[in-house]
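You will see two complexes here that share chain A, one where it goes with chain B and one where it goes with chain C.
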Partner chain A sequence: MAPPAKPITSPVSDAWYPTLALLMLSIGLVVTASFFIYEATSLKRNRCLAKELITGGVASVFLGFGSLFLLLSAGVYV
Partner chain B sequence: MATMPASASDLLKSFKLKTKQQELLIRVSILCLVYILAFITRLFSVLRYESMIHEFDPYFNYRTTLYLTENGFYDFWNWFDYESWYPLGRIVGGTLYPGLMVTAVLIYRILRFLRFAVHIREVCVLTAPFFASNTTLVAYFFGKEIWDSGAGLVAAILIAVCPGYISRSVAGSYDNEGVAIFALLFTFYVFVKAVNTGSLAWSLASAFGYFYMVSAWGGYVFIINLIPLYVLVLLITGRYSMRLYVAYNCMYILGMLLAMQIRFVGFQHVQSGEHMAAMGVFFLMQVFYFLDWVKHMLSDTKLFQAFLRITVTSAVAVGGIALGLGMVSGYISPWTGRFYSLLDPTYAKDHIPIIASVSEHQPTAWSSFMFDFHILLFLFPAGLYFCFKRLSDATIFIVMYGLTSMYFAGVMVRLILVATPAVCLISAIAVSATVKNLTVLLRSKNKVVQTGSTKGSGGSKSSSKALLDQSQPFQKNGAIALLFGAFYLLSRYATHCTWVTSEAYSSPSIVLAARGAHGNRVIFDDYREAYFWLRQNTPQDAKVMSWWDYGYQITAMGNRTVIVDNNTWNNTHIATVGRAMSSYEDEAIEIIRSLDVDYVLVVFGGVTGYSSDDINKFLWMVRIGGGVFPVIKEPDYLVNGEYRVDKGAAPKMLNCLIYDRARGVEIGNKDVKLEHLEEAFTTSNWIVRIYRVKPPNNRW
Partner chain C sequence: MESFRFCFLMLTIAILASPALSDLVLSKVDRRIYLTSHIVRISSTMKVENAGSEKESKVLLAFPEQQAKNMAYLIATPHEGKGKGKNPVVALPVEAANPKDMPAALTLYSVSLPKGLAEGDSFTFDVLAVFTHALRPIPEQITQADIQLVLYQDSAHYLSPYAVKVQSLSVKLPDSRIESYTKLENTKIHGSEIKYGPYENIPSFSYSPIAVHFESNLPFAVAHELVREIEISHWGNVQVTEHYKLIHGGAQSKGEFSRLDFQARPNVRGASAFRYLVANLPPRAHSVYYRDEIGNISTSHLRGDSKKTELLIEPRYPMFGGWRTAFTIGYGLPLQDFLFESDGKRFLNITFSSPMVELVIDALIVKVVLPEGSSDISVAAPFPVEQWQETKISHLDIDGRPVVVLKKTNVVPEHNQFFQVYYHFSQLSMLREPLMLISGFFFFFVACIVYMHADISISKSSASYLAKQQWEEVQAVIQQVQNIISRCLTTHDNLEASLRDLSRTGNIQACKAARKAADGLLKELSKELKPLLTFLQSSPSAAQVLPKVEELVAKERELQEKVMVKHSTVVDGYEKKLGARDIENRVALQQQKLTALRQEVDDLLEFIDEI
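Up next is the complex of A and B:
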């Protein structure tokens, strides 16, 4: 017989879902805006690849987690 | 990698945005917010009731979309529907505009591919708001093309909430217009861009935009007449150029070839009188080009003048003879009734009662204009003034679009929808130009003092023509007051639009709501109750007769064959049903038996006070029936020229079939005895009543 199983819980308690969603989405949107502005208003020569990659990566991480928590707090348990 | 800033102030400075970047951020965030706003303001009925398809026509579109998802495109294109218009059937593949269904199925397939398990009904319900959001984006780019980016932003926000557009594109209104307005504006934008730049790529895009419009809606006739008219106006005002030549030729030829791929349209582009203007202007363009080339070749002016006169007269003569030959020989058909009634509004009432009976086809009242446009109504002439001050190829187009569409909106209520984008764009020009002038006033004198009264007109390209010379103190205060006034007006507009959307345009009209005796909200779901009863309790091949309003819903939800439905393509068939409804029971039963009908469905409003039931539509049944069968005479049913349904009604009225069925035992003729029909089902609020036809007796 297997030992009695513990109930599956999420590593983040569900009271935090809305707050986390809001926080991460806003940070993600701000970094996205900065990335977008950098791309749209700088000249081709002055661009720096490392800065682009870092900004894009940070923005996508935050936006991804933000939308995950948004869906969870809205009741869509993905 | 950016070098590490040496001090805190340097760090802060590296975060501060330059003006160009600020402007970009403001513009993009405004557009994103407008996109989201346009979507969510159309969701009232989904939040209040549930996600379902509204009205009558969308049910047919939904049924065809279901068929398309299940059977694929080729089966859909060749579909012959034997379940409607019994016993004639209907060639669905050749008599509809496939754009809407194909678009919805495409979105559905994409979402499925991304593993979002949506149902096709959800996609259908939300297609219209999605395309409304896309329309706001196109409006932004169009405004930017005509005037500047500030006007584009104002146009986007105006069209996002304008009630004239919302009325036909709420969530659940799965109808051609939802997609068609997007296609219309997109085609116009791309064509104006092509005329402005003269590039072949944009002309190709406009041809494909036109193809999408033809596949989506019968109103494409407006495009194929407005664009040639616009080209003609440009030619007359002396604005002929190579750009115009390239743009129109490419769009017309390629667009015409693409449009002929839709079977419903077929060869109309070369055969129908409504499309002849485009062809005429096409030939006129060739004449212009030829004359230009000859002028370039010849160096002698007098010879050229003579040549010009000869060519123009001969070209007009040849064109006139060709058109005359075409019309006389019948190859070119004259204008069809639907479009002819736009030019002569009294035509439909005398000749084609079906067109006259649709309430959307009536001329518009002033209150409708105010209801649908609010402040745009007086911003429209102001915008026209601004357009005339700065005439260019693009502003001439928008002026023409605005004026012609406003005329048609006055003729038919339904066409307010077509006028909405033009009115929004022109009003946006007025708002943007006024605000820009006012803020220039505010900023001009003291460059050091902060102004803080910009309203998002994002002007990095400020076209400040008039500099203020006098330094009158109250001019600045006047400008601030006017800006506050403009802001107040716009906020009232937004409030009005939201109120209108919530109250007037969000009812699904298949589920009714009313206030009960104690003020609580009562939901009448009678229609769906009746259709599901039909679906579950009648044999599979039963045939249902009802007035054509309900035909689509019966086939879609009840899944039974109907006699006539909303397509109204066969006037005689509808007149037969009208005759059956308005004759005595004995005559009616003969017609019913000849059509092989098993069930009759009527809508009855006596108990609930529902005002749009079959008795009120009855007069139209008489008129349409009388249009084909002279047996039915309208004066027989009236008393002193008035239409009454109570005890004082005319004798023929009291005894006819629909009176028996609909009003039953409530008023007037109380002792109605039905010989050949028996009651089969009545919904819980007595709104829909279904009667079964009794089989004939076995012996005399």
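Up next is the complex of A and C:
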């Protein structure tokens, strides 16, 4: 074993996982709610595709990372 | 009988082969056989001397065939006197040797000495040999109440291709209860220790069989098969899962088993059984579990300190001879204790074998599951192992994780050494899992968008469909009208705000500029409004709503005019330098009308909104 072997740690300390999961999932769910409110209230002809995609994209980024941290904090190390 | 035949064979070999070998002589051999566990350990200290004239650098160790087939581990180290154990001991290289004129009934290993022995030189070294399944239970079947007796056979003289000048042997037993042992000249017994020797000037290949028949109620824990799975997650965890198939390897149990007897007097009625096993897990092990096929097994205890975590597990039933059980233990370990990086390569540095105390493993399979995206995998193990690669599909994987599988048979606790798995891994590959989750959610949103946009009616020419289409169009236009009206209202509010600013600062120019901007904006908005109104007038399905919309537009226009008049009046008043009260009196009436109109417009907007 070479002497300059440095230990590898996770990019985010695992003590932060539950907090991050809660935070990102709640942001994600709020954005998801706004996406569906927009879908349900705006008329078909007046809807803007770019806005829908952007809202959906932002919501999926937050939900994606949120659910990853949720899995990690629950002990499912992916 | 068997041993007699073997002895005879050895004797003939001795006669045939004795003059052939090199001039090495073992001037002193001290052997200690530890029978205090079901794993037999023979530790020997040997002093080798060169009596010939040629330089020698290799010493042969001989083991009879029946011993060699049970040998699990062999290590030779330079002998260090007492109290010098501070330096790390470097093992001498040992390899299987096969010289020509050796009898086939012997298995030979050659130990390479650190430097060649010249004439008259001597060198002292220690040899530790570990054997499994070397204790034979006699009788082979016992009842619950019987104690377990086992037989061990060896030679009182050290079997060696060299002549031995002085030698002694001590056999350490677990208990002072000895059924029988071979009595030779110079045999002494001290409690639980039997001493043979010293014997002097014994020729090479001398074999003098001894047998010790003694009580041993130690746990004969043998794992037929152990599959260890070590899964690395770069998100901060090394997960170890161990699947045991355990058997009590001692004397077979016969007759019936009485739980009552066992419970009442476990030391008498069930002395040969073992009730628990101890595993020494690494420090900071977490999420420890112990279960089998039907679920969690609650009889386990865990305690830990900074050096180790001790797990004590009890099988579901006491293990008697020949009884089997299968279970799984699992635990998580912190990543930084076991995963390191050097020269751009990552490596896992973890112990090879099971953490169980005094467990013999017949077949050990170690699977190291590396994260997806690892490449250039290589293994460095301290002893030869069979190895191959597999892939495993686990959570959030696309093409599976690379798995290095190592297999070794006949494993003893001495094999619990560190081994390394080297691999290349890009930090970006860590983003695979979150990206999969993100794309999963994104596809869901896209599906929703597509569903909301898609027109899924079957008959595109039916009257109701067309009416619906027209109505939707009207709705869209009405929404646009609403939008424009509300923008107009915002402009009015801005004008009011500019008046308030005026009353505060007295800056007439700013107020006029605001007026100008509002005028332009309102003109534009009314231009936008025109085509929409024309469309509504021409559309038949808008007939119901049209009066309301027109009323709204009219009211708004009225409101707009009133606001303008009020604005002009106030600005005029300021220009003529009238008092604030005067201006207020002038616009008071207008203000009332404005408020009423605003209320009407708001009501109309709300009404249209509800349609």
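The rule is simple: the second predicted complex is superposed on the first by the 74 of 78 C-alpha atoms of A that agree within 3 Å, B and C clash if a C-alpha of one lies under 4 Å from a C-alpha of the other, contacts with A are read in each partner's own complex, and residues count from 1 in each chain.
As a convention for this text, a residue touches a chain if its C-beta (ideal position, glycine included) is under 8 Å from a C-beta of that chain, and two chains touch if they have at least 3 such contacts.
Nothing here was measured: the structure is a model prediction, and the numbers come from that model.
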{"item": "Fit or clash - chain C, chain B, common chain A", "value": "fit"}
{"item": "First (chain B), second (chain C), both or neither touched by A:76", "value": "second"}
{"item": "Touching partner for A:65 - first (chain B), second (chain C), both, neither", "value": "second"}
{"item": "More chain A residues in contact [chain B versus chain C]", "value": "C"}
{"item": "Which superposed partner A:37 touches (first chain B, second chain C, both, neither)", "value": "first"}
{"item": "First (chain B), second (chain C), both or neither touched by A:10", "value": "second"}
{"item": "Chain B versus chain C as contact partner of A:51, first or second or both or neither", "value": "first"}
{"item": "Lowest inter-chain C-alpha distance for chain C and chain B in the superposed arrangement, angstrom", "value": "5"}
{"item": "Common interface positions of chain A, toward chain B and toward chain C", "value": "36"}
{"item": "Of chain B, residues touching chain A in the complex", "value": "1-2, 17-18, 20-21, 24-25, 28-29"}
{"item": "Chain C residues within the chain A interface of the complex", "value": "231, 233-237, 239, 287, 332, 335-337, 339-343, 346-347, 349, 394-396, 420, 427, 430, 433-435, 437-442, 444-446, 448-449, 452-453, 472-473, 475-476, 479-480"}
{"item": "Residues of chain A defined as touching chain B within the complex", "value": "33, 36-37, 40-41, 48, 50-51"}
{"item": "Interface residues, chain A side, partner chain C - complex", "value": "1-2, 4-14, 35-36, 39, 43-47, 49, 52-53, 55-57, 59-61, 63-65, 67-68, 71-72, 75-78"}
